[in-house]
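Consider the two complexes below, in which subunit A is the common component and subunit B and subunit C are the respective partners.
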Partner chain A sequence: MFRLEGRTSTPAWFNLALPLVAIAATLILCSGLIAIAGAGVVEAYGVMISASLGDSYAITETLVRAAPMIFTGLAVAIAFRAKFWNIGAEGQLLAGAVASCFVGAIPMPGYLAMLLMALVGAAAGALVALVPATLRVKFKVDDVVSSLLLNSVIYYALMALIEGPWKDTFSGYPISPPIEDSANFPVLIEGTRLHLGVVVALIAAPLCWFLIARTTLGFRIRVTGENPEAARYGGINVQRVLLSTALLSGALAGLAGVGEVGGVHFQVMSDISPGYGYSGIVVAMLARLNPLGVVPAAIFLAAVMTGAEAMSRATGVPAFLSDVIQGTALLAMLVALLFTAYRIRRVGAQT
Partner chain B sequence: MSAPLIEMRGITKSFGAVKANEAVDLSVAPGEILGLLGENGAGKTTLMNVLFGAYAPDAGEILVEGRPVAIHNSADALAAGIGMVHQHFHLAPRLTVLENLLIGIPGKSGRVDRARGLARLDEISRQYGLSLDPNLPVSALSVGEQQRLEIIKALFRGARLLILDEPTAVLAPSEVDGLFAALRSMAAQGLGIIFISHKLNEVRALTHRCVVLRHGKVAGRVEHPASTTSAEMAKLMCGHEIVPPVKQSSTPGASVLTLDRISTSAHAGTPLRDVSLFVRAGEILGIAGVSGNGQRALADVISGMLPPKAGAMTIAGKAVAQFSPRELQTLGLGRIPEDRMTTGLVTNLPLADSMVLPRIGTEAFSRKGLLNPAAIRAFAEQQIKAYDIRCPGPMVRAGALSGGNLQKALLARELAFDPKVLIVSQPTRGLDIGAARFIHEKFLAMRAKGCGIIIIGEDLEELLMLSDRIAVMYEGRIAGTLPSADATVARLGLMMTGAEGHA
Partner chain C sequence: MSAVFEQIFQVGFLAAIIRIATPLAFATLGEMFSERAGVLNLGIEGIMLLSAMAGFTAASLSGSLWLGVLVAVLVGALMGALHALFTVALGLSQHVCGIGVTLFCSGLAYFLYRLIFGQQSVPPSIGGFKPVPIPLLSDVPILGPAVFNQFTLVYLAIIAIPLAAFVLYRTPWGLSVRMVGENPRAADSAGVSVIATRFQAVILGGALMGLAGAFLTMAQFNAFTFGVVSGRGWVAIALVVFGRWDPWRSAGAALLFAFVDALQLRMQASGLGHIPYEAFLMLPFIFTIVAMAFMSRNAVAPSALLKPFRREER
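Now for the complex of A and B:
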């Protein structure tokens, strides 16, 4: 018989080992599904790896996919640190995309356009995140529900926009007009889609780490998240910390949308995000809410996404496996987190 | 004496490198009340958790009526006739007394067997003199009644050995007498009782025999607690003599904290009604009262957690405007909350973080929004040394520390910045003698330095020992204030029940 027993301390190597164990467990669990779909497990995973990380072009594609998830992962990680349950990174991303597309379509010098797109996109995401945070602070409305439901509101507002005033009059497709060519983010390596936004995402992660670990705001966010009562008793304005966290979190998610508009799609359409906002939750959990861990976690999920499409083409396993892997990874990580607080102990058979 | 009801032999339990219990032997005979004494961290709770099945021992065996049994969980323990009343009750507040008793008890064909439950409850009430209205919701019960329900619950499930973990910590003096009477009656009818406590006078009054633990081992056994002095037992517990602190006479200065007709709104327990009080520099004011008579609201108002509905407050002559924790700190108020774990500290973060929390925004620990990790660490290390806080270092999780060390850390954090007034609630609740004595000495040292101190407490002897004046709270008002020279436990007890008022 086995049972769980409380732990008094957690070894340091756990922080690194847990996500790796969770990922290994995920791949083992999902290999069953690949087998059911009638493909060779080794072959399928092989295609997945070579298509996402096998050559330099594949790597740039994976990084391009990882960039929005780095931003949403950071957004969620910072919000969850304060226990502001921001499930709304998807909506904040869309708001950032729409706002930056507006700005990008206005003729002006390229560098100015890019800067304004980032600022306005971040502000739009921040404003959206402020809604559930304000509702929670002022009226004790559950932030999980309100931030989640707001995603639909923003999504259908976007749809109304591209089906209505923004609709392309020539083709009749529900897509927005493109941004100015000069506002397109510069490509860093010729012949790839690796754009400036990816680098900004990679720089944002250590900045966020610095904010959490080394600033008074980060200290207040950590303390508020761990124990709001002690934070208030210690003189921290808990409501203000929650609102600041929401603004920061929403701005980061908004930047994910900016990157997709300025660096990948150059316009807004209904499927501009294949759920990057929700993937951000998986990324943040795999990273154990550490901004530095967000980068490898986002690259892992991006590799799964790009790899799954190639695997589907090569072996006939449905590309939906990518979603299954994401979901399983989240569950596996949540189970793995249990072992930071408990350990399994063998006990003798019952008499 | 008959065969032991329960016998624990050679129990050893380690957590990592720490031996929480080492070769502990203990037995309880039917009809016997055994006292289990020891400082915090001596291994009392671990030992009882082994007996109740929460931990598996590394070595040793448990015998029930001479037969070895394996106890893997609380269900096994209950089956073996062992019941436990924890410090924190495990009750469903919205269910009634009877429903709480019937939780987990199989009924007849899927339905709860109320009739049988009522009959059994009635039987227990008559047998041991423990009565409760079966139809009252638990939320309507007082703390003492909830404890009675926990005891009934254990008996209801057929316990023949009852473990009580510091049962008197939550009770008013009058309730303690009732509890003791019930325990004596249970013992007289053949039940065995293990009574865990820090309060030596209670152990001496109640128990037949005592086992004293120190550092996980049996430090001594007391065969006749009633004829053994508290000092002797304290020495067994700590390993050295305990000298009571000396309170020097002092002349109080000007008032440093004044409350003028403070009232609070009703949604925070018992509200305050027209409370006026003051404490002067170099003076300790004790606040006595049965728990739930407005002490919580008083502490919350003074520490800035609950802005009052009416009334005024001044600190060192300055009027308090916002009643925010930050403002009060700035005016020179130090605070130790009643609940260290939930209000005082952040258990999941490093100890150092909790120690600098109220002053993180000041020059001492940060500049222009950037933390100064070296200064934070140095401050914590310095205080750990100065207050002899036992811990692996400033970066250890605060929650890993024992209650006494946490209280020292909180005291260090507040006293490091020389407060003019200090408000503390239940400063030594749950602490062992050594830690409590340390805290008392710090209070008296602060008093000598001219700090005004308010101590809200339920331990009347502690209040009498430390205070210069004692105010008694009753139903949200100050029922009266006495110089401690005129106060006795009996007189304060009367005032606490509202029977006597004094200006």
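Now for the complex of A and C:
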């Protein structure tokens, strides 16, 4: 007989082992779909890896795609640390994109435009995240549902803008007018799309780690999440911590939108985010809510996305495999996390 | 102005409301059963999409629409079971699992659809369900052609609402569902299996979400597109809250939403473009968020919602 037993602490190597186990399980499960599609599993995964990480150009493309997921991953990780259940990173991203696009379209010196885009985009995301947090703090409204529903509100607001007053008169398509050329984020390596925003994302991760692990606010966030009663007893204003967390989380998700506008699309369209906000949840869970882990987790998902397109061209397996991998990885990680709370112990047959 | 009103409120308008409300009613009842048992199912958006796709594929390959409906319901129930496995049996966090189920199901739906039908410029369609007039009743002026000349699935939805209320409030199983959603500890002491009851409720909920998906691809659009669900699952989440976890109120909320949606479509068609249609589509979400703020004072949500049950932990 085996029995599940509670566990109070986990060895440090779990942090690395669990996501790897989850990813391995995901790739094994999804290889069934590759086989159903009539392609060689080894070949398909091989193409995926070489097309996403095989040469320097592929790596830059993967990093460009990872950048928004690093931001949304950080947004979710920090929010979940405080047990502020922010499912709204998608809407916060869109708000950041819209706000920064407005600013970027105003003629002004490039560096100033970029700075303002980041500030305004982050502020817009923070403002959106403040809604579910305020509702929870003031009215005890469940933040899961309110933050989720807000995604649809923001999405329709964006659609109303780009199909209405903000429609690009030049192209006539439901897209916003482009931002000023001078506001386009500088490309760091000639001939690639690697833009300044990617570097900002890579720097943001250690900064967030420092904030969570080494600052007073970070300590308050962790205590609030782990034991709100103890936090209150220790004189922490839990409500204020939740609001601060929401602002921080929303700002990070907003920056994901800023990067997509300033560095990739240079305008806003309805599909500016292929669900990066939801991917942020996958990233944060794979990272075990550790900001440093967010970077490799986001790069993994980005590699799967870029790789899947090349795999589709080479083998005919639909590129949507990457969406299945994303969902499976999240579920596999959740199951793997059970091992942090429980251990399987062999017990005598007589029990 | 009266000409505008006439244009909007034709007989077809009432029929359109009923048709828009039907998938929402199924989905909302499905989510309601799940939540009444204490399990939030954010997988609804993906479950509806995968069922819509599976039902369409089965109907298109076999030529039998009812087989398609059956497949959609079974797929919905299966995915409900998957969500229950994670959240009820393993006690994992419901919202994160729900997002996982939605991502997984949507990905699988896209993947399999592309695999089976390939990339086509015009999505393949099927001859969907035809309206079945009910003798005598369909001759009643105004109401007759709108309500009693509809698809069989619409009649099923109309029956499903009182049936759901009866099951939830008047049967022993419904009592168990409400008990495990309100106070699982007490239910357990009373000899109700919390795990089994929650499993059953989430699976039933998934089956209803499957019916919603089936209606979309086999009666409403007669084709599968990647945007066929386009947030209807999230709408259902909102409607359950707005309908205060009650079958009648939830169905009423679905009808209200359908009215607004149908009005919006009519206004778009009649060129009354002063108000962007997105403003209407936003309404149910904004209403629900505001309603949640007011309702939270008298705590109408199932008390054990989002809380996993582990017998050995006290």
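The rule is short, and it goes like this: the second predicted complex is superposed on the first by the 338 of 351 C-alpha atoms of A that agree within 3 Å, B and C clash if a C-alpha of one lies under 4 Å from a C-alpha of the other, contacts with A are read in each partner's own complex, and residues count from 1 in each chain.
Everything that follows uses one rule, which is that contacts are C-beta pairs under 8 Å (C-beta built on N, C-alpha and C of every residue); 3 or more make two chains touch, one makes a residue touch a chain.
Nothing here was measured: the structure is a model prediction, and the numbers come from that model.
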| item | value |
| --- | --- |
| Contacts of A:231 with subunit B and subunit C, given as first, second, both or neither | first |
| Subunit B versus subunit C, judged by how many residues of subunit A each one touches | C |
| Touched partner set for A:29, first subunit B, second subunit C, both or neither | neither |
| Partner chain(s) touched by A:41 [first = subunit B, second = subunit C, both, neither] | neither |
| Touched partner set for A:216, first subunit B, second subunit C, both or neither | first |
| First (subunit B), second (subunit C), both or neither touched by A:292 | neither |
| Subunit B and subunit C contact sites that coincide on subunit A, given as residue numbers | none |
| Of subunit A, residues touching subunit C in the complex | 33, 36-37, 85, 87, 131, 135, 138-142, 144-146, 148-153, 155-157, 159-160, 163-164, 275, 278, 281-282, 285, 318, 320-328, 330-331, 334-335, 337-338 |
| Subunit B partner contacts - residues on subunit A that touch it in the complex | 1, 3, 5, 8-9, 214-220, 222-223, 226-227, 229-237, 345, 347-348, 350-351 |
| Of all residues in subunit B, those that touch subunit A in their complex | 15-16, 55-56, 69-70, 72-73, 76, 303, 305, 324-326, 329, 335, 337, 342-349, 353-354, 357-358, 360-361, 366, 369-371, 373, 397, 400 |
| Of all residues in subunit C, those that touch subunit A in their complex | 40, 42, 46, 86, 90, 92-93, 95-97, 99-108, 110-111, 114-115, 231, 234-235, 237-238, 241, 276, 278-279, 281-282, 285-286, 288-289, 292-294, 296-297, 301, 305-306 |
